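Shared between the two complexes below is chain A, which has chain B as its partner in the first and chain C in the second.
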Partner chain A sequence: MAALLDTAIDRASLFEFLLRMGDNALVLGHRVSEWCGHAPVLEEDIALANTALDLIGQTQLWLGLAGEVEGQGRSADNLAYLRDAHEFRNLLLVELPNGDFGRTLMRQFLFDAWHLPMLKALAASSDPRVAEIAAKAVKEVAYHVERSADLVIRLGDGTEESHARMQAALDELWPYTGEMFLSDAADEAVAAAGIAPAPASLREGWRDTVAAVLAEATLKEPAGAYAHKGGRSGRHTEHLGYILAEMQFLQRAYPGSTW
Partner chain B sequence: MYAQMVRTDSDGVKSLDEMSPQERAFQERIDRGEKIEPKEWMPEAYRKTLVRQIGQHAHSEIVGQLPEGNWITRAPTLERKAILLAKVQDEAGHGLYLYCAAETLGVSRDELLDKLHSGKMKYSSIFNYPTLNWADIGAIGWLVDGAAIMNQVPLQRTSYGPYSRAMIRICKEESFHQRQGYDIMMKMARGTPAQKAMAQDALNRFWYPSLMMFGPSDKDSVHSAQSMAWKIKINTNDELRQKFVDQTVPQAEFIGLTIPDDKLAWNEEKGGYDFSEPDWSEFYEVIAGNGPCNRERLGARVKAWEDGAWFRDGLLAHARKKEGRRAAA
Partner chain C sequence: MDAPTLPSVDEVWRWLDAVPDPEIPVISVVELGIVREVAYDGDTLVVAVTPTYSGCPATAMIDLDIEAALRGHGVEKLRLERRLSPPWTTDWIGPDAREKLRAYGIAPPVDGTAADGRLALRAARLSGGNAAVLCPRCGSPDTQKVSQFGSTPCKASYRCTECLEPFDYFKCI
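Coming up: the complex of A and B.
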């Protein structure tokens, strides 16, 4: 690994990869935190705040390491608060609006079902710094997927209305799942270095997890194979700009302040 | 204080001689400092008063998520965001313990929520004020949680066992909340001129509403005596308010902020500060529903509950199906 980082191109690939991990956690954490105080039942308020808290904690670690790898003196906060939308590298899936509580849960499940195997693979990364972060995050995310899968099952196989809402959420979000498994040169470089798994290698496991949960939830996997993409290379939906306008407000309006 | 103006279900304090033998035995246990536990006999008025007080406290915790939740998505650093999320999560957790404590008195969480949503039960008046700048999050931790602690620390010794135990857990977390609030204020007060102005503005707006949290002055507080005899209220409103002012003034001075009260002065003789009373007409307006955010706060809770009906129904239906399948197998 050390030899690999000696070349600038590989450092750029690793930086790119770390931004993708950190930005997924940051943007999803932001979306989840929007529910604070508005969830359908008190236990869900607690669980959502807890999920958001885990994700923001992971953001600090991924973006902290990204700044270190980049070597330009940028901190996790600098990266979170002072980049514009085109510099963000998260999946489109995580920036989509919350919708109803069913859509929020379905988005969480589809993401968690990818996030967990990704982190498990990263825990064996050739880069010990990556492995260390993943080993911490994997414990949190194992709980996230347990909870989101359980709720998808219960609501899918609940009332007619809860079933219809969960199916609608799945149909809406499905075209945003394919992006998780696409590769570019940065992915290939980190995979070749044994830092991260090739994205496509996670597809089968994800499909198995999702198929089993959907079957138990009596939900039907959507037929279309079309995948929206662009988030991982900085081409986002219109929604991300508003997330950043809100999230970055204080840092932008009062630059250089200590908080 | 998260429970204000809780009506005590009593016509005045009876002397031991006026009590029935059962009431007398009950009062003597309280006087000895024993805890009353859920299955034990208690006067109906004691039970009802406690339900009101604990319920109001629980409602305050969950409505209290909203003014702080207003800044989670705009917290200025990742660390501040994480701390605020943890704090709001604690508050939802406090709501949960308190609803559970109320359940031991024979009232369900759903019944209490119905009363909140229909306006029959209140939550603390403080949460009807808006959070307008980031320093308000500091002011809430420092002043609002500070005032809540003032009341809740003595309530750890309250006579009702489950309430006392809930208070012990809650107080541990509240002192962390207060410290993080003061830390935000300190950073702001010692920051740029714009940050200092935000901090002062937050203090100006939250000072009197915080003093109101202790409830009306003792001379206007009609139901306190019985609650104090039952040890479900430990100190009077004015005692706690004085203690709060005495604690807070030096903290404000230390970070260079000014308490918005021209009459504030140290009184050597009483060993405490003289200070201006809040505008009680404003307090009664807020209690009556005319605070700046009453409609929004209650509206947000009602909307969350109504929008979530399908979710709760779905979970129940699934549990029934599962039970049915188990029975059939």
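Coming up: the complex of A and C.
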């Protein structure tokens, strides 16, 4: 490990990987936090806020380590507030607008079903700094997936209205799930070093989890393997820019301000 | 001039055991299990603290409270360290602290019920939560989970179907 990271190219791959983990958590955390004060019932409002809080907490850990690995003195806050959209490495899935409550939950479930096995694998990472963050986050995300799966089933196997909305959400989000399993040179480098699993290795488990929940939810898995992609390499939908405009405003308008 | 005598590690642990958790003031930060180590690095006192949940907003407040308490006891050279590993678990909350939680109206964690993401357990939870969570007010096992998340990240919302009171459950992690 130590010897491996002596080369700048591998440090760059690890930095890239850590940005992907951190940016997924940051952007989804921000999206979910938009529900604060707007959820259909108080309990769900609190649950969404707590999920967002977990994700933002995990963001601080991942981006904090990313800054450390990069070695240019950038903190987690610098990375969150001072990068432009093309420097973000999150999946397109997590930056999509919330839509209705059902669509927010469907997106959460499709992400959680990937996030949990990813963190379980990372808890056995050859890099102890990655392993300890994953071991912390995995306990929180185990609760996320249980909740999002519960709600996908309740709403899918619910009323005619809720069923139709969940199916529409699934159809719309499905083409954004393939990006989770794509890899590039950075993924291959961190996988070869035993730092992270190869993205494709998570696909089968994800499909099993998703298929079981969709079946119980009486929802139909969309056909077609088309995958929107680009987020992991900085090519985003227009939606990310709006998120960043809101999230980064204070630091852009008043550089260096602190609480 | 003689250097002032540094307080013993045991004494520091006793001081910390008097620092209440800011959100659940009936138990101390030591009873919550988040103080992981007290040691000296030369003449600097080092206190290692672990977060309960990674996004717990009380973390900064807890650090501040710990620092204020130790400064109040005359500690001059102090360093607080964040320790992530091993990750915090409700197993570290001892029997006395659990009783204090119950008396305060929060059902203590039921060991062995942490989420592991396995969906097979879903049905059991959906059909009324975990029967082993006893109502902290009347002791009835007839309780229902209202929501997996409560007033803080570490708690879930429950209600008692016997005395009808809502209550917080300190969920297992």
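As a working rule, the second predicted complex is superposed on the first by the 259 of 259 C-alpha atoms of A that agree within 3 Å, B and C clash if a C-alpha of one lies under 4 Å from a C-alpha of the other, contacts with A are read in each partner's own complex, and residues count from 1 in each chain.
Operating definition for what follows: a residue touches a chain if its C-beta (ideal position, glycine included) is under 8 Å from a C-beta of that chain, and two chains touch if they have at least 3 such contacts.
If you're wondering where the values come from, they're calculated on a predicted model, not measured in any experiment.
By the touch criterion defined above, A:173 lies against neither chain B nor chain C after alignment on the C-alpha atoms of chain A. By the document's definition of touching, of the two partners only chain B reaches A:80; chain C does not. In the superposed model, A:30 makes contact with chain B only, not with chain C. Judged by the number of chain A residues each one touches, B leads among chain B and chain C. By the touch criterion defined above, A:116 reaches chain C but does not reach chain B. By the touch criterion defined above, A:189 lies against neither chain B nor chain C after alignment on the C-alpha atoms of chain A.
In the superposition on chain A, contact of A:56 is made with both chain B and chain C. Look at A:43: by the touch rule set out above, it reaches both chain B and chain C. In the superposition on chain A, A:106 contacts neither chain B nor chain C.
Applying the stated contact rule after C-alpha superposition, one finds that A:65 touches neither chain B nor chain C. The contact surfaces that chain B and chain C form on chain A in the two complexes overlap at residues 43-44, 46, 49-50, 53, 56-57, 60, 153.
Chain C meets chain A in the complex at residues 51, 53-57, 84-89, 114-117, 119, 121-122, 125-126, 146-151, 153, 157, 171, 173. Within the complex formed with chain C, the residues of chain A that make contact are 43-44, 46-47, 49-51, 53-58, 60-61, 116, 128, 131-133, 135-137, 139-143, 145-147, 149-150, 153, 209, 212-213. Interface of chain A with chain B (complex): residues 26, 30, 33-34, 36-46, 49-50, 52-53, 56-57, 59-60, 63, 76-77, 80-81, 100-102, 153-155, 157-159, 161-163, 165, 246-247, 249-251, 254, 256-259. The part of chain B that touches chain A in the complex is made up of residues 62, 65-66, 69, 72-82, 85-86, 88-89, 92-93, 95-96, 99, 109, 134, 184, 187-188, 191-192, 194-195, 300, 303-305, 307-319, 321.
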